[in-house]
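Each of the two complexes below includes chain A, the first together with chain B, the second together with chain C.
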Partner chain A sequence: MAVKLLAYSDIASPVHRLNGVTKLLCFIIGSVTGMVIYDTRCLLALLAVSLTAFYLSKVPFKQYSFVLYLILIFSLLNQLAIFLFAPEQGTLIYGTRHELLHIAGHYSLTAEQLFYQFNVMLKYAVVVPLALLFLLTTDPSEFASSLNRIGVSYKIAYAISLTMRYIPDVQQEFVNISTAAQARGIDLSRKEKPGRRLKNAVSILFPLVLSTLERIEKVSAALELRGFGRGRRRTWYKTRPLTTTDAAVLTAAVLLSAAAFTVTFWDGSRFYNIFV
Partner chain B sequence: MRSSKGFSVRTIVAIGIGAALFIVLARFGSIPTGIANTNLQTNYAILALFALLYGPWAGLLIGLIGHTLADLISYGAPWFSWVIASGIAGLLYGLFNRGARIEEGQFGIKEIIRFNIGQIIANAVSWFVAAPVLDILIYAEPGDKVFTQGLVAGGLNILVVAVLGTLLAAAYAKTRTKRGSLTREA
Partner chain C sequence: MRKPVIEFERFTFQYRAQSEPTLHEIDLSIYEGEKVLIVGPSGSGKSTLAHCINGLAPHFYPGERSGGLKIMGEPADGWNIAELSDRIGTVMQDPDGQFVGLTVAEDIAFKLENDGVAHAEMVRRVEEAAAEVDFLDFLNASPQELSGGQKQKTTLAGGLVGGAPILLFDEPLASLDPHAGRSTVELIDRLHRESKRTIVIIEHRLEEMLHCPVDRVIVIDDGRIAADLPPEQLLCSDLLRAKGIREPLHLTALRYAGCEVTPEMRPRSVETIELEPGAGRLRSWYEANAAAPETAVREPLLELNGITFGYDPARPVLRDVSLSVGRGEILCIAGRNGAGKSTISRLICGFHKPIEGSIRLEGRDLLDDSIRERAQRIGFVMQNPNHMLSKPLLYDEAALGLLNRGVPAEEIRERVHETLRVCGLYPFRGWPVSALSYGQKKRATIASILVLRPDILILDEPTAGQDFRHYNEMMRFLLELNRGGMTLILITHDMHLMLEYGQRAIVLSEGRRIADAAPARILGDAALVEEAHLSETSLHLLARRAGISPEDEFVARFIRSEKELTS
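Moving on, here comes the complex of A and B:
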């Protein structure tokens, strides 16, 4: 079961050299901005910026191509669902109605709907490169120290780094257990009926849960023995001081986001209306 | 209420490794129902079990961290409204089961009923209310669509936690030594 997951790789690029804190903050600022605003002009500008950053990172296409297909399918289904459930959502938001094509019943294609769905797609497209970039160019160990730097309690930051550390182990455990179960005729694949599969899932989940609980006991004993959690603060193996480049990138991100908010809310609405 | 400073080492590790398990099951442990794009998500049974074992704050953080990272590594971008809903679900699973003594092997009919009433309310609040409302607020998606999605997802999660969650919790309780189960031989 070779399933690919996104992972960090060490490449010499200006984006990789940036501090983890900078990349984390840029990702947060970028996603919040992309989530709130619906202004087409700002979204296009943000998309251009995040695609440029992606280009600068030199991450080979092969490393994330499989995710792009997933994202494409996911957003296509989402777009289709929006249209099926609310073909007049665009008309509702923009207040006008330009019918382009009547399909059937109360389904007709309006220019407003197309524009609205284009914006929904754009919002998603803005966040994806930022998230991918953050994930592909940040060393997982540096990620925890960055979180701690921006004010997240070090215990929670450590929990997140434990998660990153244990995903491959738990995955291996899952594969081992399910292979063993399959050898005994317990099938989880498509060939079984859903009800049967749910029942079979128990026989795989139960050993997996027990071994995970045991692992938790072991790891927490090891941490306790090393005095984890005694101090109010802790130091990190992977911390780097912020450089002038980091400061410049952060300032640019804040200014860009402020500009996007100002332009969007200038007329008091989060939507950009091309129809009036 | 315990502050983050009050988290025990065991809870921290449970959050970390619990989230890893949540993520792995999000990738491999979902069972298609036969209806397009709707899966039985076995990882919510794990979320309920960990919230039951390690408390509401662990549930909240496993939901938030697990869902964010699962979305990040498989779709490239977290869908924040549902991430928050997962966190709320974890928190509520834990809150409704405060004081349950499953560690001591107690998980009988009374506990099962309480666990299930709790999880039904928790899932209803997160998927019928929180997720769609946040979808509308954050992404301005059409109401009909997001409420239908929430209804389907919530219903399936209730089913999964009722079946798998209860079975797992009961099986776990059996592995624990019951309090006062030792008798003195004459």
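Moving on, here comes the complex of A and C:
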């Protein structure tokens, strides 16, 4: 069976034991902080916290490796794009210019640009583990009730959690369909020419989309038959009261974020300047 | 006076997308505390009837209705699906696709959550419902850990938990193995006896449902009520055969033996039927019919030797499995869900590589052959045709495999036409695939494989979800292919299919091969039947009750004369 990508697995870890609401709020606080500030010291501190949390969660690498690679590729592209479109962004921000290497035309590598892009990378490094951690350690049903608790309509919350619930099933279906298709000579591997590969991918997606639609119809009929959507509010079987640990973690997150903001904006700028 | 809880009065229903009504002027009353079975071939309108009762039609599947429908004495028009669900608990088929919770308890609680029931009361009622279906120990289990029957129990408890006085079952046996199906039938019966609930069951598998008593059987055909009778009377009429519904096998056997069956004999089940006059006739019929010939020894075409395989090598799904398929043979592979049936076919097709053991075709090891190369010789047909159909037009679908192999256009045309003719699809060659019926789609997938001219065809549950007529059509078609020289491997837990069409059967249990024998012999072996989650057929029990031994020989003779009579 294919390894389930980004699916929740029940592991006994302190992170898993935390309430879904706590994890959601920590994720939101952490990513807002990480996105706003550019202070290298604070980002490094946040990175340490977020990596520690990841380590504590004991989630096996296989479960997120694919997504991680995907994110890495995109952030590399992103770095390249920043350099291509704004090669002097760093000097603009830090107000100095230490040229390290002239490349061509008006493109040259400056220490300021390198430092700036390093900070951008750090931001990703802070936010990505938090996002993955939230997805991987939150029981999908608790996920829905957490979203609902912080004010999201339960119908939307449930739609998201059902999608997560069926991701492994659809993955399995995809494997089944594509292997059967391979037997008929529909090859998706690199042996095939790109144009042909694209065409072949369509012939596999066609039945997958159809069967997914079929599944959606069945599930939504089942939901309605059991009274889903009748009232503006609903209750949740899986709701756990917030424990003292949750409170402690939340307090710590808020304090940490406040500290990061204070340190960053102490001198009135969200950047940490090592060049003056 | 009995109180009617569901009343149809000159009720007609037409789906918005259809040009004709699906239900015509239905007059039907179901009374409080009754247990009613509704049978009918596919397309007869029996599912639509269920949808009209629980409100899916017209609220979910839009359409026009006329005439009257009262639920619990009040017109149903005024209620939406959610309000109807307080009165009618629906248990749908395919519990797999509708498991909304991540644990059994959550799934059962779903209705209560939506009703906004407070947490403490919810926990109490979930426990009550779970206790009622005898499933308390599994409250924290996740759906992946459950067998088909256990999932069915969960959906059943989910239907009970709202406290609705009417329970509606929509094909409850559809995705269950024979053993789990039997337990479900018994469980429904216990629920009926122990509570005052009204129970309505829609199902085309009559024999299995009649394992336990029902008050009435309603036969739907062509959108109308064709019969509304107590089971004993219905079974003694010709109605079932006329409407294409399979009668219980023990009755067919008695008919062959020339016994007249009357309602007084209580023919509902092979366990209840009075055999006094019939036993003697059965015995003389048995003596008069020649012994079934020993099956010929065949030259092996495909051989699996000592196959061990696991997605996780520490926990193999298959352990040291060997089997061989003879040229021109029909081999069935049976076993409960998760026993390794599908894995075997995937290994044969090369989707996975075995950890140990070899697979040989005509003596040549297939290890180094790619999926594509193997597909030239071994065709694989998935259970759900929608998983295989990828082209809008039938002709293109059938031609796809050849096109991908670079066969010249002229030859493609010739081979596709020839194959479509064999499959009875030639008149539809220019049709969109979506316009074909389910059975035709299934044939289309077979055609798309046959066109590659394989030596062996592997079919995963070829008749799943099809009624008796379509089952017969499909199997007759496969039999014809087989007579033309095609070797067939059928993966199934349908015991009738095994009995009637399998020349030999392999039974898997927990990744091991536990039997390799004639189907009639396997199904007569109580220990095997138990382990493989099959269930004893009514024919075996009939033979035992009539004092005929060996039972499997009786079954074999029955199958043979049935084949002679129907072909």
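Here is the rule we use: the second predicted complex is superposed on the first by the 213 of 276 C-alpha atoms of A that agree within 3 Å, B and C clash if a C-alpha of one lies under 4 Å from a C-alpha of the other, contacts with A are read in each partner's own complex, and residues count from 1 in each chain.
The definition used in the following text is that contacts are C-beta pairs under 8 Å (C-beta built on N, C-alpha and C of every residue); 3 or more make two chains touch, one makes a residue touch a chain.
All values derive from a computational prediction rather than experimental measurement.
Enquirer: On the A-aligned overlay, A:Pro140 touches which partner chain: chain B = first, chain C = second, or both, or neither?
Expert: The second partner, chain C, only.
Enquirer: Which partner chains sit in contact with A:Val170 here, chain B, chain C, both or neither? Use first/second/both/neither.
Expert: first
Enquirer: Based on the superposed arrangement, let me know which partner A:Glu224 touches: chain B (first), chain C (second), both, or neither?
Expert: A:Glu224: touches chain B and chain C.
Enquirer: For the three-chain arrangement built by superposition, which of chain B and chain C touches the greater number of chain A residues?
Expert: B
Enquirer: Have a look at where A:Arg215 lands relative to chain B and chain C in the superposition and call it first, second, both or neither.
Expert: Both: A:Arg215 reaches chain B and chain C.
Enquirer: On the A-aligned overlay, A:Leu162 touches which partner chain: chain B = first, chain C = second, or both, or neither?
Expert: Both partners.
Enquirer: Touching A:Gly268 in the superposition: chain B (first), chain C (second), both, neither?
Expert: neither
Enquirer: Please indicate which partner A:Ser153 is in contact with in the superposed arrangement: first for chain B, second for chain C, both, or neither.
Expert: first
Enquirer: Taking the superposition as given, does A:Pro241 touch the first partner, chain B, the second, chain C, both, or neither?
Expert: In the superposed model, A:Pro241 contacts neither chain B nor chain C.
Enquirer: Looking at the overlay, what does A:Gly185 touch: chain B (first), chain C (second), both, or neither?
Expert: A:Gly185 contacts chain C only, not chain B.
Enquirer: Which positions of chain A sit in both the chain B and the chain C interface?
Expert: In chain A, positions 1, 162, 165, 206, 210, 215, 219-220, 223-224, 228-229 sit in both the chain B and chain C interfaces.
Enquirer: Of all residues in chain A, which touch chain B in the complex?
Expert: 1, 3, 5-7, 31, 35-36, 38, 64, 67-68, 70-71, 74, 77, 81-82, 84-86, 89, 93, 120, 123-124, 127-128, 130-132, 135, 153, 155-156, 158-167, 169-171, 174, 178, 188, 190, 194, 197-198, 201-202, 205-206, 208-210, 212-213, 215-217, 219-220, 223-224, 228-229, 232, 270
Enquirer: Contact residues on chain B for chain A in the complex?
Expert: Interface residues on chain B, with respect to chain A: 4-5, 7-10, 12-21, 23-25, 27-29, 31-34, 37, 40, 42, 45-46, 49, 53, 61, 65-66, 69, 72-78, 80, 138-145, 148-149, 160, 163-164, 167-168, 171-172, 175.
Enquirer: Using the touch rule from the top, collect the residues of chain C that touch chain A in their complex.
Expert: Where chain C meets chain A, its residues are 54-56, 59-60, 80-83, 85-86, 90, 92, 94, 97-98, 100-103, 105-106, 109-119, 122-123, 126, 142, 158, 162, 311, 346, 349, 351, 371-372, 374-375, 379-380, 382, 384, 386-391, 400-401, 404-405, 448-449, 452.
Enquirer: Name, in rising order, each residue of chain A that touches chain C in their complex.
Expert: Touch residues, chain A against chain C: 1, 10, 139-141, 162, 165, 173, 176-177, 179-187, 203-204, 206-207, 210-211, 214-215, 218-231, 233-239.
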